[in-house]
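Below, chain A partners chain B and then partners chain C, in two separate complexes.
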Partner chain A sequence: MKKNSRRRFGKWRQEASAWLIMLPGIILFAFFLWAPLLQSVRMSLYQTKNIELTNFIGFDNYISVFKKSDFLQALRNTFSYTLWSLLIGFLIPIFMALAIGETVRGKGFIRTASYIPNILPGLAAVLLWSAFFSAEKSGVINILLAKLGIDRMAFLSQEHMVIPIIVLIATWKGAGATALIYMAGLAGVNPELYEAATIDGAGIWKRIRHITLPAIFNLGSTLLILQIISIFQIMYEPMVLTKGGPDNASLSLMLLMWRYAFGGRMEFGKAAAMGVIISLILLVFTGLYTIVNRRKTEWE
Partner chain B sequence: MKRHIRFLAVAAALCMLLTACNGGETPAGGTETDGGGNSSLPSAAPPAELDNISGDVVDAGLTCTLTLGNVPPDLAPAAEKALFEGYIAAMNKQYPNVTVVPAYYSYTLSSYVGMARGGTAPNIFQPPFTDPQLLISQELVADVTGALQSIDLLDKFSPSFIELLGSEGRIYGLPRDGYVLGLHLNLNLFEEAGLMTEDGLPMYPKTLQELAEVGRTIREKTGKAGLVFPASETYGGWLFTNIAWNFGATGEYALERVDEDGRWICDLTSEPVVAALEYVKSLRWEYDILNADATTTDWAGAHSALGTGEAAMNFAADDSVAEPTAGKGLAVDKFALAPFPSGPKGSYSLSGGTCFMFSPDTTHDQAVAALGFLKIIGMLPFMDDDVIAGMRAGAAAKRERGAPVLPPIPAWNDEDFIAKQREIAEEYTNVDMRLYDDFFHNILIKAEEPVFAQQLYRELTSAVQRVITREDADVLRALERAQEAFQEYLDDEMNS
Partner chain C sequence: MSGARTGVIRDFDSKTAGVKIGLVFVYLVCAVIVLISLFPIFWVFMAGFKDLKEYMSSTAIIPRALDFSRYTKTWNQLNITNNYLNSLYHAAGSVVCALIFNGLLAYGLAILKPRGYKAVSSLVMLSLLLPATISIVPLFMNIQNLKLGGFFIPLWMAAGANAFFVVLFRQFFEAFPPSIIEASRIDGCSPLQTFYKIVMPLSKPICVVVTIYAINGAWSDFLLPYLVLGNGKWQTVMVRLFIFSTQQTINYDDLMRSVVFSMIPPIVLFFLFQKQLTENIVMSGIKG
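Moving on to the complex of A and B:
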């Protein structure tokens, strides 16, 4: 009996110290993540007066948000951002990592240079690119086009061009950092594999296909889901560059959420509902990723 | 290790170099910074007119801290900064126990909500006339009825301002000044295009049709945009509203009205509105007079385009004449303000204004102190020496920094006060009033649409953007979408 209680006390003491170690983290998570998250879900079910909750209205905020035509447009646009991001933003960091990995001279310099856009403040990067894409004579790209005898173009006024341009800017800013992560993954590949493949006569493409890509597959799928989550929350780029225009062609779900709260409506309940909807969509993506990842592990 | 030390040394040297550069520079406007980056007093002295403000103590018992929004920041023109420092010095004399804290805050709805809720909004701030009712309904402003009563200001409120700034018999703000939309002109481009009379006056467009033609002439002769049209966010809809009125979207075709069932409805697909949007579309695709970046140009960008000579005309109001001139370097004598061009069915000019409101945590004492400050800067409709000196100082500082000194669009109905404002503007004038005469004498003012004007402007901006970015855009369809979206909004907010 005495032995049992001593064992229980010992176990408790062990657990208590574990809890104590975790406590600061739990407090920070609870305060900065879980509480606002739950508060946001709660707010989405209420009518609001500025940020105060007034009446419980159930799912009315959700219904109202779904009914509005700008929601569908923003949803479509956000998927379009995601698609373009996968086309442009997913592959570029992999190419960069592979190219830098194969570089013999000036590797350190290229690695640093590719990371520099990432340390630029986001708004500064967007403003910088707005000068490039300006339709006025001072627009850098238009100056280059003029040298080639091509007429000026209003890039940011073209509905079909505006999302790819925004994704290009986001990629320019973030690709270097993602490439570094891929490079870290590539550093873990046993060099003997490459040597053996080279001895067997494998060229660069075969080495990439049969050694490099399988080595970074898991990392790539994790970064893919993170990229989708990140691009789904795109907001300040369209907000600064196009204000969601032209004709809402670059309006994202997050920007619509901002408009509900701060764009002249002060409908914080509906903004919270938008936030919950975005989270649910992302939860679906994360779930899909988990299933795919689990199956892949099982096959292996 | 050595490499790291070398890297750190280079980084430190760069930082020191940059800091040293900063310390030695004198920013435009004459302010200077010391080696530590702190701003010192501006090089301009406060206007001598401020000496006429009484130095006698008005209320020694009033003890509070007053945070003032819209105080010019460190990099503002020296004359403007000196003026405010003079005003604050006068305030310190008259209310020795009121601590005035400058906040440099310029109101936007998106920034204000968080600040008001977090208790960091300045006690006085200046929203446009489109926002007071929203702020009142959201309980984001203080009730200042008592403070207004204490200086007998309530009697001077016209019923329209009580409606605009009040709710259920309580008052939450006071008007600052009005504005009327017109046409800003860059006379350098008018001269280059040969559009000046022998008397040196611009042959400005009096109708919207003439606007298209004059704009085309300017484009052909100078290569610059005839008209800068800020069509981003809500600006495009704001300007389009005036165009639509002048095409006949008033009365039975009003953009907003109450139907026989008492329901708020919008009518954005009527014949006049369609014609107005067709007209805007033609400015891009037929006359090609708009600036290339219209959909990303905002209010400030439009003033910049006119001031720097990238565009010859801009739909803008009399309260922003300082932007292209003092702000962007267009000489005062190369700037003119014409009335908003008339259309086939009307000659209206949209009018609005700016008011003073108070953060929700403002106490009665702070509101009384704030009104004391507004009196010193000449914004209250009283005819005492302090108010007049404050108005004179304001006009002198405006002239000093190269902004046109014009008679204001009055916010108060007090005739003596209005006459005094005009007299002072005349005394300090730095412009050829022939360049402004038509604006001040030949306009028909019309107030903004009555409910949720900003939301209406946002939907109309989308329609405008559609037709100026797609040559094949269906004008009616664009307006139907705006109609649908705004009616949904009205149903949610007004009819449910």
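Moving on to the complex of A and C:
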């Protein structure tokens, strides 16, 4: 009897010390991530003055955010970013992984070279590319086009070009690292599969179709949703490159949020409302991600 | 560096003309990949050797002279040494916090598993997908209200709340054989002692990876650092570059040289720890 209660006490102590060990981390997560998320909801319902909440105004922040034309523009742009990133950002790493996977000599070098843009500071990469796309005489893309006899152009002032260009820049930075994940997935394909398929008379194209692409598709569905989630939060690229212009053509939802808060207007309540709207959309994507992931673990 | 073919084309494929052309095409594609990846970086290093007049007027990639004094002049004029030191402090504190706090949390989630740990686990996973920037407004207000602005403390602490690091640690800890933990418990180690005497020393590979990511993250981040440090004396390289880039009148040659300054440490870090980084991406299937 006594032994039993001591064991129960020991068990209780074990649990308590485990929670104590996790506590510092939990407090930090609460301070930096979880509490601000909930505070955003509360703050979005209040009128704010500087960094203080003054009075409860219900959904007024949301209504005034929705009413301004830049919201619809930002929403449309953000989906446009996502769409372009599906076209460019999703397929390029797959092609890269396929091509690099076929090489033998120089494979390590090619892999390293394509990974390097990923380690550069994001801000430095964006500034570097803004020099490339510059409309000045020094703009590298214009210099290259001039060699082909094409007239100089102000790429970043073209409303219909600015989003694809920003997506290209983001892809330049991230594609090498994503390709590495695909290559790892492809290296995990059982070599006997290829041999068996060849014995059964499958040529190279058939093997790509029936072995390689299914293996990629398995990984791809997860990476795709992660990519959608990350491109949906695009902010500093247009902020630095175009300030959301020309004429709000590259304004994203996150950038609009930043503008409300730190663009000189200090409308923190409206910024919080924007944050809540973006979070809600992202939660839907996150739900999709969990479903896909769960299905995948069931298959394995 | 020649080995067995590991792609779709295998060694047992006969070397027909079609296969050979295919391989030539593959290497052409790879050459383009390497060129596009490296050329912009090479270009900006070269552009840094030009003065403003040459930068704005010359269409040649290679500068007229490889004059390092232009780099040193910009460095001294903008007093970059100071910003470098600040970035170093930022990174050092971030590494310590990243290792201790994320490591302890992952240790709880992967090994101790007290009752109810799953709730924390799913909250951490949610944070992986909804990062801090979304709620940066209330976070900024909290930091202001606690009078923590102006110095690195909130930035260091933020490195201790990184869901990505927790996941990395956790994956590593979960692969431990339970017998090691059990043996240490029987030897009379408390859970905390087990952590720093057994678990961490056995986790050097993942600690190296988290350290590199934490350094690179601290070095590259500029949104929260901009809000916390602003124009104050603890301004880091990236905050400086961010403020510099938003000014109305910029000398583009100085800007390009500052971009180079900001890229050098991550590149050096990458070449020192290239193997650990790429291996980790391959193993864990996530990138930083």
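The rule is short, and it goes like this: the second predicted complex is superposed on the first by the 258 of 300 C-alpha atoms of A that agree within 3 Å, B and C clash if a C-alpha of one lies under 4 Å from a C-alpha of the other, contacts with A are read in each partner's own complex, and residues count from 1 in each chain.
In this text, contacts are C-beta pairs under 8 Å (C-beta built on N, C-alpha and C of every residue); 3 or more make two chains touch, one makes a residue touch a chain.
Computed from a predicted model, the values in this text were never measured in an experiment.
Q: Have a look at where A:212 lands relative to chain B and chain C in the superposition and call it first, second, both or neither.
A: Second partner only.
Q: If we overlay the two complexes on their shared chain A, which of chain B and chain C does A:36 touch? Say first, second, both or neither.
A: Once the two structures are laid over each other on A, A:36 reaches chain C alone.
Q: Quick check on the superposed pair: does A:136 touch chain B, chain C, both, or neither? Answer first, second, both or neither.
A: After superposition on chain A, A:136 lies in contact with both partners, chain B and chain C.
Q: Touch check for A:166: first (chain B), second (chain C), both, or neither?
A: So A:166 meets neither chain B nor chain C here.
Q: Please tell me which partner, chain B or chain C, touches more residues of chain A.
A: Partner with more touched residues of chain A: C.
Q: For A:176, is the partner it touches chain B (first), chain C (second), both, or none of the two (neither)?
A: In the superposition, A:176 touches chain C alone.
Q: Between chain B (first) and chain C (second), which, if any, makes contact with A:255: first, second, both or neither?
A: In the superposed model, A:255 contacts neither chain B nor chain C.
Q: Once chain A of both complexes is superposed, is A:245 in touch with chain B (first), chain C (second), both, or neither?
A: The answer is first: A:245 touches chain B but not chain C.
Q: One more residue to check, A:231. First (chain B), second (chain C), both or neither?
A: In the superposition, A:231 contacts neither chain B nor chain C.
Q: Once chain A of both complexes is superposed, is A:51 in touch with chain B (first), chain C (second), both, or neither?
A: So A:51 meets both chain B and chain C here.
Q: Mind sorting out which residues of chain A both chain B and chain C touch, each in its own complex?
A: 51, 136, 258, 261-262
Q: Which residues of chain A touch chain C in their complex?
A: Residues in contact with chain C: 14-19, 21-22, 24-26, 28-29, 31-37, 39-40, 43, 51, 95-96, 98-124, 127-129, 131-132, 136-138, 140, 143, 146, 172, 174, 176-178, 180-181, 183-187, 191, 194-195, 198, 204, 207-208, 211-212, 219, 226, 229, 233, 235-236, 240, 254, 257-258, 261-262, 268, 271-272, 275, 278-279, 282-283, 285-286, 289.
Q: List the residues on chain A that touch chain B in their complex, please.
A: Chain A reaches chain B through residues 49-52, 64, 67-70, 130, 134-136, 152, 154, 156-159, 241-243, 245-248, 258, 261-266.
Q: What residues on chain B touch chain A, complex-wise?
A: 109-110, 113, 116-117, 134, 137-140, 231-234, 291-296, 298, 310, 454-455, 458, 461-463, 465-466, 468-470, 478, 481, 484-485, 488, 492
Q: Residue numbers of chain C touching chain A in their complex, please.
A: Of all residues in chain C, those touching chain A are 1-10, 12-13, 19, 22-23, 26-27, 29-30, 33-34, 36-38, 40-41, 43-44, 47, 55-59, 61, 97, 100-102, 104-105, 107-109, 112-115, 117, 120, 123-124, 126-127, 129-142, 144-145, 157-158, 160-161, 163, 166, 190-192, 195, 216, 219-220, 222-223, 227, 238, 241-242, 245-246, 252, 255-256, 259, 262-263, 266-267, 269-270, 274, 277-278, 281-283, 285-287.
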